[in-house]
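Mind having a look at this structure? Questions to follow.
Chain naming follows the written order as A, B, C and D, and within any one chain the residues start at number 1.
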Amino acid sequence: MNAYALLGIKLIGVSFGSMAVGLLFMGLGRKVTARIQRRMGPPFYQSFIDVIKCFTKTSITHNFVMDLGIIMALGGLIATAFFIPFANFSILGSSSVVIVLYLMSIGYLGMAMGVSASGNPNATIGISRALALMMGYEIPFVMVIMAMLITYNSSDLLTYAVAQSNGIGSWHIWKYPLGFIAVEIAFQAMVGEAPYDHMIAPAEIASGPMVELSGKYLGIGFLLHAVQLYVETGLIVNLFLGGASSWYVMLVKMFAVYFTTLSINAVMARYRIEQGIRHLWIWAGSFGLLQLIYTRIWG
Amino acid sequence: MNNPVFLFGIGAFALMMIGLYGVLTHKNIFRLILSLGLMETGVNLFIVAASYWDGVRAPILGKIFNVKTADSYADPLPQALVLTSIVIGLGVTALALALMIKYREGTGTLEMEDKREEEVEE
Amino acid sequence: MKYSIFLIVAPMAMAFLVPFLGHVMPALSKGLSFLTALAGTVLSVFLLITYKTPFTVIMGGWIPPFGINLHVDMLSLLFATVVYGAVTLGIAFQLSSVVVKKPYFYMLILLLLTSLNGMILTGDLFNLFVFMEIAGISSWALIASGNKTAGVRGALQYMVVASLASVAYLAAIAIIYSSTGTLNMAQISGGLREMNSAMAALAVLLILASLFTEMEIFPFNSWVGSAYRGAPSSISGLLSSAVALAGAYAMLRISYIVFGAGMGNIIRFGSFNITSILFWMGVVTVVTGEASAFTQKDAKRMLAWSSVGQMGMILMAIAIASEKSIYGAVFALITHSISKLLLFMIVGRLVSATGTSDWTRWKGIGRKNSILGIFFIIGALGVTGIPLFAGFWGKFTIIGSAFKSTGSSYLGVYIILAATVMEAVYFLRLAHALFEEPERKPGKVNTGIVFWTCTTLLALAVVIIGVFPAPLDRKIKKIPSELRGDNTSGYISTVYKAMGR
Amino acid sequence: MTSNMLPFIVIAPVLLGLLMLSMPKRLNWWIFFLLNIVLAGVIFTLKSKGAMSFTFQWTLFGTGKVVQKLGVTPLGWFFLAISSAATLLFSMFSLDFNDKKHSTAIAPLWLMLVGATNGIFLSQDWISFFISWELMSWTSLFIIGHGKTSSFKAGIYYYALSFFGTMAMMAGIWLLFHRTGSWEISSGVLKTAQDLSSHRGFALTVLSLFTVAFLAKSALFPFHMWPQMAHAEAPDDFSAYLSGIMIKYGVYGLLLFIVPVFALTPRGTIKSISGVPWPMYILAVMSALTSVIGTVMAIFTNDMKKLMAWSTVANVGYIGVGLATGTSLGYAAAMFHTVNHMMFKGGIFASLAAVKYRTGEREMHRLGGLAYVMPITFFTFLLGIIAAAGIPPLSGFNSKWMIFQALFEKKMVFVATALFFASTGAFLYLFRGLHTIFLGQLSPRFRNVKEAPPLMSLSMIVLMILMLAAGIFPGLVTGRFNDILVAAGLNPIKTTLYSMTGSTTSINSTLVASVFALAVGVVFFLFVIGGRKRRVKMMDNYTCGEDPLDWNVGPDRYHYGYDFYQPIKGLFSWMPLGVVEKGYNALGRFMERLGNLVTSISADGTRLGWSFVLGVILIIVIGVVK
C-alpha cells in the first residue's frame, strides 16, 4: 500500500479517535460535575448520543459562510490534533509547538466566522469575548513554552515529552513549577470553564456561539469542543506531565488534567470579561514571566 | 577735556542715543522720523569728529588761510562723506514724510500699528 | 569689459529720462524701461559669456583711496545678471498686470536696478552705503506704490529699520575710516586686524547689524512680513530675488574681503568671533523664519518668511567659508531668486483673481488653472530643495560643506535640517490647497502671453537647473578661488594690480 | 535586453507620468496599466541576464565627481520583482476602480511614483537613491492628498515625518561621503563596518541617521502613527500600494545598508545583548513595540481602513524584528514577510476598496453581511486575514514562523513575547473586520450590492492564488533568498520547495496544508452524511419571525459592530499609546507659537526699533559667548 494512503487512513483514524476521546471526556465530565453538585448526572456515553442525535436532525442554515466556517473550525482543530503526540508518538513525525498554537487558531477563526454569519448578536458577543480572552491566556502560555524552548533548543513537543520519561521526578512540573501554575490558570481559560466561561455564559448571552446552531451544526459544535479537549489536555500532558508510555496512561493523565479543571469550574463563579483577562495577565502572566526570566537567566 | 574731538564724540553719541530713545518709545510716525533724523545728525557729527585732529587747517587752497604745505590740510574726504550722507538723509526724510502723509490718508492716524487683514493688491 | 559701467549708468540715465518721457508718451516710457532692463540683461549675459579673469575699473582716473573702483568678477557678474534678469521679468510681469502703474513706478524700478548693480559692483565701502540707501529709498517708494495702505505701512516699517541700519553702517564707516584712512575694501582688508580690537569689534558689530537688516536676518527682519505683503507682487518678488540677493552679496564681500583677507580668513576681533556669529545667526534665522512662515495664513507673508529661512541657510554657508560652502551659497541664492520670483508672480495673480492673499481661501483655484498650479508646485519644490529642482544642489552642497567643515557645529546643521521640514510642509500645504475641492467658485486668473512667458521661463529654469546643473556649475565654481585672498586672481590682488601696486 | 533598460524602467514612467498630466483621466489609467505590463516584463527578464549595470558620470564642484550607477543586485531585483508584480495587479484593479464615477486624477503621479520605486531598488549610489527617494516622497504626498482637505492633513503628516527622515538621510549621506570619498552604497557599507571598530561614534551617528530615514518611511516606532492617517485617507485603490509596497522602502533600506554593516562587523567588536549587537537589539525592541502599539490601536478602531493601517504598522514591526536579529534566518524572514505582507495586505486593501466602491462606506459598523453578496471580495479578505493572522495553510504563517525561529535562535524571548502578544491581538482586530464588514446582518441598504467588477475581481483572485501558493509551497519564495543572503555577507538558509528549516525545528508547510485539507475532508464527510439542512432567512430565527423594523430597530443596529471590544477597553487604558503622537503635536504647536512670537515681535510696527536693538544684543551675546 502506498505510504501516503496509509498515513491518510491513520490520520482519519486519529481524527475519529480524538473526537471519541473528547466526547468520552465530556461525558465523564458531566458525571463528575453532577457528583460534585450531588446529582446523579447523565450516563457517561450521553455525549455520543447527543452528537448522533444532532446529526440526524434537520438543521437550519442561513448562508454558505455558516457551513464553511463550521467545517473549517472542526477541520482546523482535527488538523491540530494530528500534531499532538499521543503516548510519546507523533504520527506526523514532528509536532512543532508553534504549529499547534497557530493551527488551533484556525479552528477558532472558523467557529467565529460560522456563528457570526448566523447574524445573531449573542453569538457575536460570545465570539468577541472568546477572542478577547484569548489575549489573556495565550501570552502566559507562550511564555512558558518559550522557557522550555530555550532550554531544549527545540520546539518539538515530542522532545519535551521524551525528556520527561524518566519517572515522575523528571516531570516538568518540578522543573518549571511557576510555569505549570501559569499554564494551569491559562488552561482553565483555554477550555472555557469557570471562572473564565464568558464565551458560553448561558445566563447572559444564551450560550453565545452556540445560540444559532442546530442539528448537525450543533453536532459539529459538540465535536469541536471534544477535539479541543483532546488537543489541549494532550498539550498539557506532553508539556508537564511527562507524556506517557502507553495509551491508557496518556488517557488517564489527560483526564486528570480535565478533572482538575472541572473541579475548579464546579465551585467558581464567573468573572466579568475584563476582570478575567486582568486576572489572567496578573497571575498567569506574572508566573509565566517569572518562569521565563528564571529560565532565560539561570536555566 | 578741552579736546574738541572728545566733545564732538560725546555730542554725537548723545544725539544718537536720544534718537534711539525716540525710536524705541514712540508709536507716532512723525516722531519716529524726527528721531531718525536726530540719529543721522548724530552720526554725521561723529564722522566729522572722527576725522578731526589738531593743528591742521581746512583743506581749502587760498591765500586767506596762508597755507604753505599740503601736510597741514585736514582730510577733506569726511566732509564729502558727510555732505553725501546729509543729502541722502534729506531724501530719506522727504520720502518718509510723503509716506507718512499717505499713511495718514489711508488710516486716519499717525500711530504705527499692524493690521493683518488689510486688502492687498496684486 | 569696460562696458560693465553701463550696467550702472544705463538704467540711471534712463531713470532720469523716463518720468519726463512719461508725461508725453507713457507707453513708450514703460516700454523703454523694459528695454533698458532687457538690454542690461543681454549685456550682462554677454559679459558673463566672454568673462575670463576678474578685472577692476578705476572710476574717473582717481586711484583709491581717493577714487572709487568697480570690481567685476564672476560673483558680481553672475549676481548682476540675476538682478537684471529678475528686474526684466518683474517689469514684464507688472506691465501685463491689470493694475496699471504710472511711469514713476518704472523710474523707481530702474533706480532700484541701478543701485543694486552699484552695490554689487562697487569696491568702496561708502559707495556701497550710498547705493544701499538709494536701493532703500527706491524700494520703499515701490513698496508704497500700491494704492492700498498696506504697502505704505510696509514701506514705513522697512524705512524705520533700514534707517537704523544705515546709521549703524555710517558709524562703522567713521570708525574704520578714522583708523585705516581708507574706505576701499581691498585696502581695508586686513587693516581691521591692526586696529584697536575693541574698536574693530564695534565696527564689525555695526556693519553686521546693517548688513543683517539688508539680508533679512533675524531679528533685523521685523519689516519683512508687512513690506512683502503690502508691496505689489512684482516688487515683493524683486525684494526677495534681487534686493535680498544684493544684501547677501554685500555680506559675502564684506565678511571675506573687509573683515578678513580673503575667504576662509574671517577672524576674531578681541572676543568677537565673527564666524560663529554668522553661523548661529544663520541657524536662528532658519528656525525662526521657517517657524514664522509655517504659521502664516497669508501667502505673501509666508513667502517672505520663507525667504528669511533661505537667507539664514545662506548666511550659515557664508560662515562656514569653505570653497564648497560658498559655491553652495551662491547656487542657493541664484536658484532661490528664480524660484521665489516665480512663486511671487503666481501668488500675485492669485491675489488679484481671488481678492485676498489668504491662501486658505484659494482652494481649488488650481483645478481650473492646472498649469498655474503645477508651476507653483515647481517653484515650491525648487525653493524647498527637492532633487530634480533647482534648489537642491545649493542646499545639498551647503549641508555637505557644513559636515566637512571643522569650524561648524554639527548641532546647528542638524537644527537647520530639522527646520527645513517645516518649509516643505508649508509649501506643499499651499500647493495642495490649490488643487483641493473649492468651497466657492474660484475666480478667473488673469493670465496672458507675457505672464505665461515669464512664468514658463522661470519654471523651465528651475527644472533645467535641477536636472542639468552643469552649465551654472561651470560659472559658479570659479567664484571660490576668486574670493581667496592668497590668490593672484583673487579680489585683493586684482584691485591692487589695477591701482598699479 | 541591454543595460540601457535600467534607466528606461526608471525614467520612462516618470516622463510618461509628466506627459499624462495633460491627458484625460480614463486614458491615463489604461496607459498606467499597459506601462506596468511592460515594466513587469522588462524586470522579469532582467534577472536572467545576471549582473548588469548602467553608469552615468558627471561632475559638479559642489558634489565632486559623481558616478551614478543603476544596477541589479539580488536584493534589489527581488524587491523590484515583487513590487512590479504587485503594481501590475494593483493597476489592473485600479482600471476598474477608477470608472467614470470614482475616477481620481492620480494615475500620472502614481506612474511617476512607480518610476521612483524602480529607481530606489536599482540605485547603487546614494545620489540616485536620494533623488528617487525624494521623488517618491512628494509624488506620494499628492496622491494621498488627492485634492481632499481631510486627506491632505494625513498626507502632510506623512510627508513631514518622511521629509524629516530624508533630511537625516542627507546628513548621513554626506557624512559617509566625507569618510569614503565615494557615493557608492557598497563602499559605504564596508567603510561603516570598519568604522564600527575604529570610529565607533562616527559609525553609529551615520547608522542612526540612516535608520531614522528608514524608520520614518516604514512607520516603525517612533514614526508609527502616519499610516493610520495616510492609509486611511489615501485613494482606496492606492492604499493597497501604500501598504503593500511603499511601506517597504524603509525595510529595503535597512536590508540594504544597516543589516549588512552589522553582518560584516566581526563578532565582539560591539557589545551585544542576547547575541545581537546592541543597536540592533534596540531596533528589535522598537520594532516589537511598534507591533504591540499597532495591534492595540487596531483593536479599538472603528474605521476599516484605519484598522488595516494599524495592522500594517504591526506587521512592519514583525519585519523589523526579523531583520534586527541580523541572522540569515531573520533576514530571510523579514524578506519573506515583506512579500507576504505585500500579498495579503494588498488583498485586504483591495477588498476594502471593492467594498467602498460598492457601498461608499468606510465606517465598519455601518456595513455588515456583505459576504453574502460579494463572495469573491469576501474570500479575498478571508484569505488575507488568515494570512495576516499567521494561520498555517496560508503564507503569513511561514514568515511568522521564520521570524520566531530567528528570535529563538538568539533566545530573544522577551521580544518574542511581545510579538506573540501582537499576533494574538491580530486575531481580535482581524476577526472584527471580517465580522463587521462581511458577516452578521446584511443591511437592507446593501441588499442589491453586486460583486466587484471583473478586473477588480480578477486581480483579487490572483492575489488569493498567490497567497495560497506561497503558503503551501514556501520554497517558491524562500528559494530566492540565498543569493541575496550571500550577497549581504550572511550564510544561506536551508529550504526546499515544501519545507523550511529553522533554529529549533523544521516544518513542512505542504504537509501541514495537506493534513489540514484531509481533516476538512473528514469533517465535510460528516457534514454531508448529517441530516439535511434548510436555508432560512436570518430574521426568521433569532427574532422569532418578528421584523425588528416593526419596533423601529433596523438590522444595522441589530448588527453587533460598533465599538466591538468596548468591554476590554479599560484593560489598555494604562498604556501610554498616544504619547509619541502627543509629543509631535506639542512640537508642532511649539513651532507655531515660536512663529507667532517671531511675527509678533517683528510685525508689530512699534517694536521695530526694539527688534533692531535685540539683534545687536544677540550678535554681542553670540560673539562673546562663542
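In the analysis below, a residue touches a chain if its C-beta (ideal position, glycine included) is under 8 Å from a C-beta of that chain, and two chains touch if they have at least 3 such contacts.
No experiment lies behind these values; they were computed from the predicted model shown.
Visitor: Quick check: more C-beta contact pairs at B-D or at B-C?
Guide: Spelling it out, more C-beta pairs touch across B-C than across the other pair.
Visitor: Return the distance between the CA-based centres of chain B and chain D, expressed in whole Å.
Guide: Roughly 66 Å separates the two chain centres.
Visitor: Indicate the whole-number Å distance between the mean C-alpha point of chain A and the mean C-alpha point of chain B.
Guide: That pair's centroid distance is 96 Å.
Visitor: Starting from the mean Cα coordinates of chain B and chain C, work out the distance between those two points in Å.
Guide: Chain centroid spacing, chain B to chain C, equals 27 Å.
Visitor: Counting in whole Å, what is the centre-to-centre distance of chain C and chain D, each centre being its mean C-alpha position?
Guide: From the centre of chain C to the centre of chain D is 44 Å.
Visitor: Indicate the residues of chain B shared as contacts by at least two other chains.
Guide: 20, 23, 112, 114, 116
Visitor: Could you tell me which residues belong to chain C and also touch two or more other chains?
Guide: Within chain C, the residues that touch at least two other chains are 153, 156-157, 160, 164, 226.
Visitor: Can you work out from the touch definition every pair of chains that touches here?
Guide: Result of the pairwise touch check is A-D, B-C, B-D, C-D.
Visitor: Quick check: in the complex, which residue numbers of chain A touch chain D?
Guide: Checking each residue of chain A against chain D gives 8, 11-12, 15-16, 54-65, 67, 70-72, 74-79, 82, 92, 94, 96, 98-99, 102-103, 105-106, 108-109, 112-113, 116-122, 124-125, 127-129, 131-132, 134-135, 138-139, 142-143, 146-147, 149-150, 153-156, 211-212, 215-217, 219-220, 223, 272-274, 277-278, 281, 289, 292, 296.
Visitor: Provide the residue numbers of chain B that touch chain C in the complex, in ascending order.
Guide: Residue list for chain B touching chain C: 16, 19-20, 23, 29, 32, 36, 39-40, 42-44, 46-47, 50-51, 75, 77-78, 81, 84-85, 88, 91-92, 95-96, 99-100, 102-103, 106-107, 112, 114-116, 118-122.
Visitor: Once bound in the complex, which stretches of chain B touch chain D?
Guide: Within the complex, chain B touches chain D at residues 20, 23-24, 27, 112-114, 116.
Visitor: Once bound in the complex, which stretches of chain C touch chain D?
Guide: Going through chain C, the ones touching chain D are 153, 156-157, 160-161, 164-165, 201, 205, 208-209, 212-213, 217-226, 271-274, 276-277, 280-281, 284, 287-289, 291-296, 301, 305, 323-324, 327-328, 331, 363, 367, 370, 374, 381, 386-388, 393-394, 396-397, 399-401, 403-404, 413-414, 417-418, 420-422, 424-425, 428-429, 432-433, 435-437, 469-470, 473, 476-477, 480.
Visitor: Could you list, by residue number, the parts of chain D that touch chain A in their complex?
Guide: Checking each residue of chain D against chain A gives 369, 371-372, 375, 378, 382, 386, 389-393, 397, 400-401, 404, 408, 411, 413-414, 416-417, 420-421, 424-425, 427-428, 431-432, 434-435, 438-442, 503-508, 511-512, 515-516, 518-524, 526-527, 529-538, 541-542, 558-560, 564-565, 567-568, 570-571.
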